[in-house]
Amino acid sequence: MNTLGHIFRLTTFGESHGTAIGGIIDGMPAGVEINLEEVQRQLDRRRPGQSDIVTGRQEKDKVEILSGLFEGKTLGSSIGFIINNTDQHSHDYESMRHCFRPSHADYTYQQKYGIRDHRGGGRSSARGTASIIVAGAFALQLLKKLGISICAYTSQIGPISLQADYHKLNLSTVDSNTVRCPDTQTASLMEKYIKDVRSEGDTVGGTVSCVITGTPAGLGEPVFGKLQAKLSEAMMNINAAKGFEYGMGFAGAALKGSEAIDSFITDEDGNVFTQTNHSGGIQGGISNGEDIYFRVAFKPVATLLRDVETINDRGEKTILRAKGRHDPCVVPRAVPIVDSLAAMVILDAILLNKTSRI
Amino acid sequence: MNTLGHIFRLTTFGESHGTAIGGIIDGMPAGVEINLEEVQRQLDRRRPGQSDIVTGRQEKDKVEILSGLFEGKTLGSSIGFIINNTDQHSHDYESMRHCFRPSHADYTYQQKYGIRDHRGGGRSSARGTASIIVAGAFALQLLKKLGISICAYTSQIGPISLQADYHKLNLSTVDSNTVRCPDTQTASLMEKYIKDVRSEGDTVGGTVSCVITGTPAGLGEPVFGKLQAKLSEAMMNINAAKGFEYGMGFAGAALKGSEAIDSFITDEDGNVFTQTNHSGGIQGGISNGEDIYFRVAFKPVATLLRDVETINDRGEKTILRAKGRHDPCVVPRAVPIVDSLAAMVILDAILLNKTSRI
Amino acid sequence: MNTLGHIFRLTTFGESHGTAIGGIIDGMPAGVEINLEEVQRQLDRRRPGQSDIVTGRQEKDKVEILSGLFEGKTLGSSIGFIINNTDQHSHDYESMRHCFRPSHADYTYQQKYGIRDHRGGGRSSARGTASIIVAGAFALQLLKKLGISICAYTSQIGPISLQADYHKLNLSTVDSNTVRCPDTQTASLMEKYIKDVRSEGDTVGGTVSCVITGTPAGLGEPVFGKLQAKLSEAMMNINAAKGFEYGMGFAGAALKGSEAIDSFITDEDGNVFTQTNHSGGIQGGISNGEDIYFRVAFKPVATLLRDVETINDRGEKTILRAKGRHDPCVVPRAVPIVDSLAAMVILDAILLNKTSRI
Amino acid sequence: MNTLGHIFRLTTFGESHGTAIGGIIDGMPAGVEINLEEVQRQLDRRRPGQSDIVTGRQEKDKVEILSGLFEGKTLGSSIGFIINNTDQHSHDYESMRHCFRPSHADYTYQQKYGIRDHRGGGRSSARGTASIIVAGAFALQLLKKLGISICAYTSQIGPISLQADYHKLNLSTVDSNTVRCPDTQTASLMEKYIKDVRSEGDTVGGTVSCVITGTPAGLGEPVFGKLQAKLSEAMMNINAAKGFEYGMGFAGAALKGSEAIDSFITDEDGNVFTQTNHSGGIQGGISNGEDIYFRVAFKPVATLLRDVETINDRGEKTILRAKGRHDPCVVPRAVPIVDSLAAMVILDAILLNKTSRI
């Protein structure tokens, strides 16, 4: 099950220390002009080595599009792409061949398959999310033409949380700092916190928020294809994601109905809006045309840069000292992944919705 | 898109005020003895009118199994079932034919389809979750034979939250009170709160927690079929669900890696366990054999029993006074729905995992 | 796997001697007026007891639509339906509880599932095709509004084959005789042949041809969703189908390219046509706007009305004498099934094709 | 829709004159030793330039496996692979940029997508079947370990048809002649016929037969996943396929039931067999353990090596003279494609069947 989506679909492959990773985008509509530099720019937002608060690995993550484009436009056929694995330090991982890192996928993969590629996490590596970026970049370019924009940003790092409502933020400044928080002051605190934690050989979690504007009403399916369910499924497939909430989210559990309902209003042209947006732009599983917003929680990276006691595949105790180059916090690099998955889900919903009436 | 699952699949149909609701269970393994009284018992846990803190509608929700069983055992063929709609007060809804209730699906359905059944929410009604209960009851009976148990319970109602860790609760007492909270004292507070809120013509939200024990390691797929993603997708399809978290969840965003990793230990027989379970029983998208636990947030019911200002389908303001019989809080009746969806997801993962090796 | 289709999808259930059979139609576009009498009329074309050359069983096959319609129009939600099993002579089958009928599914179901409903073939019964008729009837009504018509007819019964090209037939006369052959003279021969064979306690095979007119160019997907592949898959799911061919079919294997290519021509308005139609309206897996035509082969019914030697489930020889009421030939009743599946495939392709461009 | 299969799945990409073609194999069980030379050997059976009766293009079709293998064994993760396009003579096709070749996909792609890659047929090129060979080669290696063997062979070229029943053929000699017919004398006639036709600038059709031995009983799903339906769907996705039949096939339409049923027999160990095998190893959609056999018809290649009159994209008449290097007959190179798709379908059925009982 390496496929996501019903009409706009991404299927991926690749172990972090194999020859390459990549994927196939299926269901991309024909005739869409694609800016490949923009695709690469999105990849660069995710790539290691981009700043002093992420892993020092220097993968260039250069994508090569192998099919589906002709003279700059999509053909409607499937789009194959690869990203070569170049900066592998596979020997860093030899000590992990028989060792299960705590809170990683080493043990579960071994149990499921009876075999695993121990180098860099193999298929479980977050490196695989680069393929998501590529598919997301295609989707984002089409959505932009349709007037839809998606903006994810860092809203929490460890105990430092961005309190402001997204309406009060200048979302165009997301990339103006390395932590991708659109509030300069909070961003500084977050960057400092990440560096402090890293200096202790430790890591830290956080949250990413995302706002989608410009969607038409009607996206999502009534029962088992609710838009929030598809968004949640997509986000919970990101490595280290631990939670998803949209609209009022978990806070809504404490509210009364009278505090939570969104009253309708109309403008002078008769267009319908809601006065508030506790619903997060989705009602009954279907978009209502208001902003869609949600938040994803990420746990701290499980690879500590200090000695950790664990067991090997014979059940014996052993000491593990990670030699690879690791992120102290996944959140800044997770921001474009959230953008990408959101774009994929929304585009899939748009395509499916084209079939709801003749 | 009225289907959930890849091998064990449920497809449903039914508007709340149509002839019947129902569904088809596909992929149920053959030869499993099914206790139909137990299926009905699960339905009774969800049905309206079961206590004094839920809606007063008196639907019996009697399920009729139409196929797939022979002499008490599953045939391996698809299992069709219906639940007749009996206690409909369709005239209660005539006033809503041209009216969009705030924070309901009336407006979004109309926008998506250009037509809707205005009676009782039609396809968007929570009544449809009865079909989930039926499929879940089949899955639960098979899981029980495999040594797997699933227990959902109410963990928050409005501001009243159950603080205790699930290990300290007696989960067998879930049904001992009407609110389905396995702590007598907290349950009393919750029941009182629901009644107070109802007396104001208002409603309230809450959360449901769920614990799954006895799962083998190996369930879930590496990339786009992560077990948490499938659980999250399923839960976020429940009406009124606003958030999902598993393991340390959103709280994990504030933690350091050194506080969050789960060290491995072995018992004298060489069996592997983790000392803590911040991971919530899933690592790298795949179950590790520890307890799986998660939490789902529900917003307050949008139908208030008081005058509410809204608009009609010509964009004109109107006053709405709900005449139907409505729940002040969905949470107590959501508990068996969470059980059921969890069972469906776990069974689907077990079946899919049978194909991971030859 | 009881589901067919990607967007327009039918999921079915039901054993022939259970309570009911039925299904769920998913993906039917909203706002389509449905004539339920016309749905029943299609069912009547398939039902047993309709003429003196089919089984004498007197099932009324009355369909009950349970959801998805509102004031005569489709809601866009899933359409649940049931057909009660009324004229069951289950005792006719008691002798078959431990007996495997030759060339039936008794043995293979037992091997696959370790359990089976021996009464009337259970899930393997051709009775299940009634559900296909219902879904097909919905699709046919929508296709008609789009200017597409589908006409299947009997083109061979045993050694008697209809030689004329379909252009020379009056396809509106299909239902004017019991065998559903749109050539009166050939129809008489076929009817006589069926009766003769039945009088010997024997059965006979045949073929059904089908012509689809009015389809736009562009239906079908390039690689694994070729329109002919989807048509073939659908047809080969009909009980007793043994072969599928479209356009020049098997005869094309003997041809030279110069005899087989379809030259393009244009009319005065610049519309493009092909001079011949060896391709059967599909080129490269995608419809070209010409008539689509294909043919399906059916084997003779395996249930003979004479003593047949077989084995029981202990591997012992036994003599079987079918006591049920059986068709001497499935072909006349297969004609509306072919219509229905063709309609379902074409509608699914139309809906999917709406997503090929933005 | 560039994906085939439910559990064992292949997704492909690639235009014939793009950078590369390739695909992703999903659902391959873990721990299977793979001989990559054998994969390449299968590709060589399909590749152009292999003999003097196929196209003279000299593509090496060298596959590069990018993931999913570790130290010679499958990991259970998805297997990405590419085959570079090397011997492209794209300029041969410049004249076709605005021209629709008769009986090709040029016109239908243009109608569907509004854009196409005119070079070598783009996505519609038979070159894409190389990806099928790769996936099939993986499946074949696993099936071999399970005691299942698949053998396709040429059974007809134009008017020359192999009359012998497959039991009388030595199927191990399939590759002993260029036409892949396991009867030396018939093979000579076929080769001569192909050369004669080519010398006229013409092309010819034919049929491929296939025999699958060693399958267990129980493969296939009852209603919409019948094994013959899945085989038929797969085969009808091969470029130029016009028909599919299994077991008695179209000939069965002329038979009586008494001539067509397969009586059961048991051997001294109580194993059940059928005396004849008109059913082709499948009854009620499910394999019965006998040999599965089927036949696929292929039309003559549409590209003639002579002047052909056609139209351009402005609807004007034009003369086309194919300059590329083309096959006079696809059948010899289709043989390994049939092998491959059969293997994929059977393996998918085996994996799915593992879920039919607990």
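As written, the chains take the letters A, B, C and D, and residue 1 is the first residue of each chain.
We adopt the following convention: a residue touches a chain if its C-beta (ideal position, glycine included) is under 8 Å from a C-beta of that chain, and two chains touch if they have at least 3 such contacts.
If you're wondering where the values come from, they're calculated on a predicted model, not measured in any experiment.
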Third chains touching both chain C and chain A: B, D
Most widely separated chain from chain B, with each centre as the mean of CA atoms: D
Mean-CA-position distance for chain D and chain B (Å): 46
Distance between chain centroids, defined by C-alpha means - chain A, chain D (Å): 39
Geometric centre distance via CA averages, chain D-chain C, whole Å: 26
Junction residues of chain A - those touching two or more other chains: 1-3, 12, 27, 30-31, 76-78, 112-114, 123, 222-223, 352, 356-357
Touch list for chain C against partner chain A, complex: 7, 27, 29-32, 76-78, 142, 145-146, 222-223, 351-352, 354-358
Chain B residues touching chain C - in the complex, by the definition given at the top: 1-3, 9, 11-15, 18-24, 26-27, 30-31, 64-68, 70, 73-80, 82, 112-117, 122-123
List of chain A residues in touch with chain B within their complex: 1-4, 6, 10, 12, 100, 102-105, 107-109, 111-114, 121, 123-124, 128, 156, 158-159, 197, 202-207, 217-218, 220-226, 228-237, 239, 241-250, 252-266, 270, 272, 274, 278-280, 282-289, 297-304, 306, 308-311, 315, 352-353, 356-357
